[in-house]
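After the structure tokens below, expect a handful of questions from me.
Per-chain residue numbering starts at 1, and chain names A, B and C are given in the order in which the chains are listed.
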Amino acid sequence: MKSFRKELWFNVPSRRGFIDITPAVERCLAESGIVEGLVLVNAMHITASVFINDDEAGLHQDYDDWLERLAPHEPVSQYRHNRTGEDNGDAHLKRQVMGREVVVAVTDRRLDFGPWERIFYGEFDGRRKKRVLVKIIGQ
Amino acid sequence: MKSFRKELWFNVPSRRGFIDITPAVERCLAESGIVEGLVLVNAMHITASVFINDDEAGLHQDYDDWLERLAPHEPVSQYRHNRTGEDNGDAHLKRQVMGREVVVAVTDRRLDFGPWERIFYGEFDGRRKKRVLVKIIGQ
Amino acid sequence: MKSFRKELWFNVPSRRGFIDITPAVERCLAESGIVEGLVLVNAMHITASVFINDDEAGLHQDYDDWLERLAPHEPVSQYRHNRTGEDNGDAHLKRQVMGREVVVAVTDRRLDFGPWERIFYGEFDGRRKKRVLVKIIGQ
């Protein structure tokens, strides 16, 4: 069994944003030399997500509007978590809806994807450097 | 390390529906010959889910009602994504709540499940052929 | 390839609660002797979650309040599932928001975590013994 590990770093300039990280994950897979196996891609922070969906700007705005309805940022006083001095209580909730991680099959050296699948980093408390872990196991 | 891959195809005749795919995943596992490892089961489409829960018709109706409250299909004009000519903006949101994939342990040639765990395909934009990927790695 | 399996048992004395199970998962990893690989940690019950987030009591109360807004326990008659004699329809919905499982990388014998990541068992229908599965594969 072979294994590969790499951290990807991001600094989203706004509080929230989505980044297509598929090319970066594909580069990791090529570097790993793994032909058959599984790729785990996870946010290493608890106010961010990794998820798979469509690379379509309107949809990303829909996600942002919807997550704001489900778990609004303001008023920050509505979250007990923010009594610790944070203002990111909403980000911990939004991240649960969108998920921490994806696991993707590796088949014949490639991400084994349907036609529209793309991997996104979802930032809900940005304006600082944060990390995603790519771990690949296989042969 | 051994690996196995198979696609399962579905055509749900209505817009939304849930299908118990546990027997199909069990057949994949038997075919793979893998004794110990992990099974990944994921929707290959971004308006569908694979999730684990109870095989109970009332619960499935509860899920459908609840997802319609969280992300209603109508009016389709509420989603920017639908300005592309689609009418499935809601399906991209519903799928995030229910999830893209499950990872299940394989122990002694069997899906290592609690008493009520069943794997479902959740369709949110049906009436066409769509796929699920089963990938098994192990020994 | 090596594999390891262990069940962790919990009995949350109230209907809902969160337990930090990171130390228990770390003990499994040490016992397994696995150096590089993946850990799957999943609820074996369909009214409970395993998820990764912050060990902060205010946040856990925020999660509980939020999940009660998204899928209230009362009135129990609002869920068709409860016509079967159950009163846990809400728990099946809450679990979908928080997730069934996490997959964590194992690197150099350790859970490969960002600074604040902790693994929690989320109980939504407690007051009885329930299980989590830890499955580790790797080398």
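Convention: a residue touches a chain if its C-beta (ideal position, glycine included) is under 8 Å from a C-beta of that chain, and two chains touch if they have at least 3 such contacts.
Note that the structure is a prediction, hence the values are computed from the model and not measured.
Homomeric contact chain A/chain B is classed as different-residue, with under half of its interface positions used by both copies.
For the pair chain A and chain C, the CA-based superposition corresponds to a rotation of 120 degrees in steps of 5.
The distance from the centre of chain A to the centre of chain B, with each centre set as the mean of the Cα atoms, comes to 20 Å. Counting partner chains per residue, chain A has residues 1, 38, 70, 97, 99, 103, 137 touching two or more of them.
Considering their complex, residues 1, 36-38, 51-54, 56-59, 61-63, 66, 70, 97-99, 102-105, 107, 112-117, 137-139 of chain C touch chain A.
Interface residues of chain A facing chain C in the complex, by the touch rule stated above, are 1, 3, 5, 38, 40, 42-46, 70-71, 79-84, 89, 92-93, 95-97, 99-101, 103, 131, 133, 135, 137.
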